[in-house]
Amino acid sequence: MNKMILEEFDRDDLTAMILRAKKRARLGWAEIARKIGMSPTWTHSAATGMNAFPSEKARAFVELLGLPESAVDLLVESPLKVWEQTVPTDPCVYRLYEIVGVYGPTIKALINEEFGNGIMSAIDFSLEVEREPNPKGDRVRVTMSGKYLAYSNW
Amino acid sequence: MNKMILEEFDRDDLTAMILRAKKRARLGWAEIARKIGMSPTWTHSAATGMNAFPSEKARAFVELLGLPESAVDLLVESPLKVWEQTVPTDPCVYRLYEIVGVYGPTIKALINEEFGNGIMSAIDFSLEVEREPNPKGDRVRVTMSGKYLAYSNW
Amino acid sequence: MNKMILEEFDRDDLTAMILRAKKRARLGWAEIARKIGMSPTWTHSAATGMNAFPSEKARAFVELLGLPESAVDLLVESPLKVWEQTVPTDPCVYRLYEIVGVYGPTIKALINEEFGNGIMSAIDFSLEVEREPNPKGDRVRVTMSGKYLAYSNW
Amino acid sequence: MNKMILEEFDRDDLTAMILRAKKRARLGWAEIARKIGMSPTWTHSAATGMNAFPSEKARAFVELLGLPESAVDLLVESPLKVWEQTVPTDPCVYRLYEIVGVYGPTIKALINEEFGNGIMSAIDFSLEVEREPNPKGDRVRVTMSGKYLAYSNW
Amino acid sequence: MNKMILEEFDRDDLTAMILRAKKRARLGWAEIARKIGMSPTWTHSAATGMNAFPSEKARAFVELLGLPESAVDLLVESPLKVWEQTVPTDPCVYRLYEIVGVYGPTIKALINEEFGNGIMSAIDFSLEVEREPNPKGDRVRVTMSGKYLAYSNW
Amino acid sequence: MNKMILEEFDRDDLTAMILRAKKRARLGWAEIARKIGMSPTWTHSAATGMNAFPSEKARAFVELLGLPESAVDLLVESPLKVWEQTVPTDPCVYRLYEIVGVYGPTIKALINEEFGNGIMSAIDFSLEVEREPNPKGDRVRVTMSGKYLAYSNW
Amino acid sequence: MNKMILEEFDRDDLTAMILRAKKRARLGWAEIARKIGMSPTWTHSAATGMNAFPSEKARAFVELLGLPESAVDLLVESPLKVWEQTVPTDPCVYRLYEIVGVYGPTIKALINEEFGNGIMSAIDFSLEVEREPNPKGDRVRVTMSGKYLAYSNW
Amino acid sequence: MNKMILEEFDRDDLTAMILRAKKRARLGWAEIARKIGMSPTWTHSAATGMNAFPSEKARAFVELLGLPESAVDLLVESPLKVWEQTVPTDPCVYRLYEIVGVYGPTIKALINEEFGNGIMSAIDFSLEVEREPNPKGDRVRVTMSGKYLAYSNW
Amino acid sequence: MNKMILEEFDRDDLTAMILRAKKRARLGWAEIARKIGMSPTWTHSAATGMNAFPSEKARAFVELLGLPESAVDLLVESPLKVWEQTVPTDPCVYRLYEIVGVYGPTIKALINEEFGNGIMSAIDFSLEVEREPNPKGDRVRVTMSGKYLAYSNW
Amino acid sequence: MNKMILEEFDRDDLTAMILRAKKRARLGWAEIARKIGMSPTWTHSAATGMNAFPSEKARAFVELLGLPESAVDLLVESPLKVWEQTVPTDPCVYRLYEIVGVYGPTIKALINEEFGNGIMSAIDFSLEVEREPNPKGDRVRVTMSGKYLAYSNW
């Protein structure tokens, strides 16, 4: 590759820069999210290239972490969402995959019973991760909210 | 296979019998669940062989749907949880798989930030599916609650 | 399996019965579709278990093809949409897979350019297959129409 | 690798250069396409290495974006069309894969009914992506047109 | 499955019937092909469900092998061409797969050099298998002939 | 990697050098093949690392394209033949894979009928690609010739 | 399936019959092989459908085990050699797969060094399994002998 | 990566250095093996990172090929044996895979018949590759010898 | 399949018969194991077809569970050990797979450090599962013991 | 990538630095583990990026091996646990995979029998590798201890 190609950074480089800047700034995702006025889950996914920033949020984020101006252009692009492991190996992520395997047909059956012939959107969708205090040991609560989409007939 | 083997039904036969009996009885999962004192998500997953019934719940369930007495023995067994599609094709189930692919690393990062080095349990775990009324179109809310498990060091 | 399980037919049996009845009746999909007031593509996919019938359409379909009354119950259920070949081998279907491989990123780029950060729905969606007369040899025209869904930010 | 090998850029480098030049020029695919007299879908796929440019179009494209003269040689070559994800993970592209899985057999059945024993070509083929205005929310329309090819008997 | 479903045979049953009838009649594929006026390769592939018979050929074939009249209906249908082994294990078939792996890019390069930007059709296509006498040991000659299809630009 | 390792080029580098030199020399494969006295298909496959050159052919090839002397050593080695896509995605190569899927069992059946219990060799093997003029559009003819190998019994 | 199809047994049925008959006759593979004048490895592979019997050997085998006359027809056919596990799970078979993984490139390198540019045939091939007495524990010796096949150049 | 990491070579670099040094020294594996007092198969596999050298053999090998002193440390390590192709594509290696597919169950059956319930070790194991002169064409003989290991019962 | 084939049961039928007989007899694996003088883990694996019974143990087992005499023949055979899920989905079994993924390289490194260049045998091997009382919640202890096998050099 | 990105090392670089430093220091894992007050298995897995260090252990480890101060930050992070081979090829690791395949269902059955409906945790988990002296050849003992986790019902 020649100079012309190498002169700027790409989205993966940017993700690495963001993680490094965040560590230097000693900021958590919850704090970053609050400062740019978004939720922590959205902020993490957009920062790591799984969602696109609206431009004003991109500028706030770039300023907060001291990233180069040109990072804004990359942050607002619709990313190509790619994951390489069909079955994730990390235990924390695998448990979510296992939940889909075990409870996927249950979720489908209850959506069909309650709403009719349709699905939960993964696009008009939001997600929260919270601590659920519990005397037997605190719990992780993951809440997903997606618009119900009915199949069309034509 | 000879008579000795064929004389009883296996777990898959039982699931088919349950679905048929449910249809004949014109009962929804929510109603069945209420009558046996469990949640709809757990009831569906246990009825379709993805969880084991405690014996008193098995008896109530068998009575409610008019299943043979011997079904209790199968319902209380710890099932071997098997799914055949590594990547589910049904659109309603696939969207959940996609959510794990897109947001799995985000959920992991926020669990680590909030709780430390550990995961959300998929065993000491519960799940609800609810309707979320919304003027722009109602939404599906899926809530997962799993005990936080810290990695041990030794 | 005992009598209790075998007494009715399942969705795959129904599909076989439909194809047989259609052949006996010497009806094409276009004609069946017209008679029940739906499009040919939707009618074929619903008849072969890839979409759910509204109940009045199910009754019209059952009457038209002389199927058993109990078929209505199966036709109106939300089917579990399953395909077994990750990469389809039939040449006619493979060409569609190839088009997704070759032009998928192009379609994504143009949707993003025209609409913003979102996708084409495959649920609020319809599809037509038509003949396109052409002096150099007639062409097949496949038209897909899906609602634009914008990613939510939260 | 020695100097001799590194002195020029390859097709992947060229794609990166094109995307960068397009961003600097603040041009959309529709505008680029119009300026070289081709459609936006073809222009995007050829620019990103999924189709070969006729030489006059290659020269117009190179001039428009200020690419090096030697890019013409690469643009006119028949590319080896490669995609690495058997099942695409990006939601926008996956929906197209899902459509093939759900409706592929339907499209085949209707082609066979209308045309006979044959397929839609993916080579003598064109594709358009358009906005379909709709009061309930605009829609994406994807139109495919491929020559009908009859199987030969011999 | 009930009577209604079982009353006729399907395409796989028919293939088994054909192979059995051929063995009883002590006929080779070359001889069968000659009697129905087609080539041996086409005749074998159509008889085993990988091509569709024109109706007069179907009738001649059914008569020759003494198959039931109703077999004609199945023989003339456009079959769904399915193979289950992504990489074939049978040594005779694997060698063909190996040839595609080793020489596929060579065949592509020479087609592009000789014809331009296009491919060899596998639909408007024929195939012969012949003995090539040779003093060092006879050889198998496989000849493929497919129409050249140029990529369209639009 | 240190200097010692980087001082020479490997087989992949050589392939890149060959393709570059061929383009600079404005030579087609047919012409190169004629000048070294081999067929175009063999020449392409050997040049791109899918066959080994006899040493005199290697020297003629190196001289013709102005490659470094040391390339001869690499050209005469028995290459490890590797392809990375189990199912090729390029349409021109995929059609060959499809032909093996559709017609592989047919080719096997006809070899067994004509020769007995054995296969066509892919090692004592040659291949040609030719233009077949045809008023309805020229055709590509691919001819394979492999020694018949009988299974041994012991 | 109707009567016509079920009236005879297929190759898999025959293998089951052979294993049952062998057990009833209390014969080992070595003894069966000696009685029909072949080696034990060939006899086992042919009996289980991985090789074709010459007709006189088929008749001797059928007589020895008291199989139905019609079994001869199946035993002499060229079988389609199919195995379903890409990576075998049985530990005894897996060790052979592991040997190919670890030592495959070594065997290739030494064949190339000793013979030139070619391979060991798996068709003109034989195999023996023997006991190798050893004071530290007897050993299994597997000897493979395949004709050297040189790649042709053309 | 910084200087600290790059200052030495890793096992893959070493393999490349060995192959280069062997070529410069114009030595075959048989000759190298003889000079260090080991067999050619073991020597090749250990040199290419599929076995560990005893330290005195490592020193002899390093001296013979003029490798850096520090190579000894890498040569004596237990390598992580990795192969990337589940099904090998190189024809010479594939034939070995095919032999395991076709004859694996036969080898297992004969080991069980001769030795009892156990396997051939792939660890306490050796392998030779030899030329078998034959008037019809020389043959490759591969001899494997592995300790019989009986399954334990407990 | 005809009568001759169906007259006896196969290994899978036997496993089903064993599980049914065990349930009728209200016996646990620990109790069965004690009565035949083996460990519970071995008894379960042999009963479900993953190990072979010595003949006296087979007779004791058959008598204890009231199985047919002919079951002894099947129980003493060396089973072909097959599992169908490359990655197990059942959460209890998956955790073991995960442990191999996370700690496999660690176990290898410590075996190499302690014993030298070799492995732990999975054939000369035994396994126990025990309860480990613990005030914070009892634990499962799995103990594996396999003979150390050194790689041979030759 | 620009300077900003390259200025520090990542987790893979750190693993390489650790292995190099360990070799220079001539320390075994057992000795390193003892010096930082942890077990050898945990120490190896944490050092190679499969577990997170508590901060005081990270500091002790960094000091012991003379690593840069900034390594502490990386050592205390919750790693994303990734393995690339679904089925491990290294013989020492594969044997563990094989044990899961053969004995996984046995371990599950005995956990269910002894504890009820639940699993062994792989998170609240520890592992030891020890030498088991034995006159017939020393053995490797692998002991796993994981908290029993009961499935919740809700």
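A, B, C, D, E, F, G, H, I and J label the chains in the order they appear, each numbered from 1.
In this section, a residue touches a chain if its C-beta (ideal position, glycine included) is under 8 Å from a C-beta of that chain, and two chains touch if they have at least 3 such contacts.
Because the structure is predicted, anything quoted here is derived from the model rather than measured.
K.L.:
What chains touch chain G and also chain J?
P.N.:
Intersection of chain G and chain J contact lists gives H, I.
K.L.:
From the options C-F, F-H or I-J, choose the one that repeats interface G-J, i.e. more than half of its residue-numbered contact pairs are shared.
P.N.:
Selected pair, repeating G-J: C-F.
K.L.:
Between chain H and chain I, what is the separation of their C-alpha centroids in Å?
P.N.:
32
K.L.:
In whole angstrom, how far does the Cα centroid of chain E sit from the Cα centroid of chain J?
P.N.:
54
K.L.:
From the mean C-alpha coordinate of chain B to that of chain I, what's the distance rounded to whole Å?
P.N.:
29
K.L.:
Can you check how far apart chain D and chain H are, centre to centre, with Cα atoms defining each centre and the answer in Å?
P.N.:
The computed centroid separation for chain D versus chain H comes out at 47 Å.
K.L.:
Identify all positions of chain C at which a residue touches two or more other chains, and write them in rising order.
P.N.:
Residues 41, 80-81, 83, 86-87, 89-91, 98, 101-102, 105, 108, 112, 118-119, 121-123, 125 of chain C each touch two or more of the other chains.
K.L.:
Considering the complex alone, what residue numbers of chain D touch chain E?
P.N.:
The touching residues are 38-39, 41-42, 46, 51-52, 54, 57, 78, 80, 105, 108, 112, 116-119, 121, 123-126, 149-154.
K.L.:
Spell out the part of chain D that touches chain B in their complex, as residue ranges.
P.N.:
Spelled out, the residues of chain D in touch with chain B are 87, 89, 91, 94, 98, 101-102.
K.L.:
Of all residues in chain D, which touch chain F in the complex?
P.N.:
1-2, 4-5, 8, 73, 80-83, 86, 122-123
K.L.:
Which residues of chain B touch chain A in their complex?
P.N.:
Within the complex, chain B contacts chain A at residues 28-30, 40-41, 44-45, 48, 50, 81, 83, 86-88, 90-93, 95-115, 118-122, 125, 127, 129, 131-132, 134, 136-148.
K.L.:
Which stretch or stretches of chain I touch chain B in the complex?
P.N.:
My answer: residues 9, 13, 16-17, 20, 23, 85, 87, 89-91.
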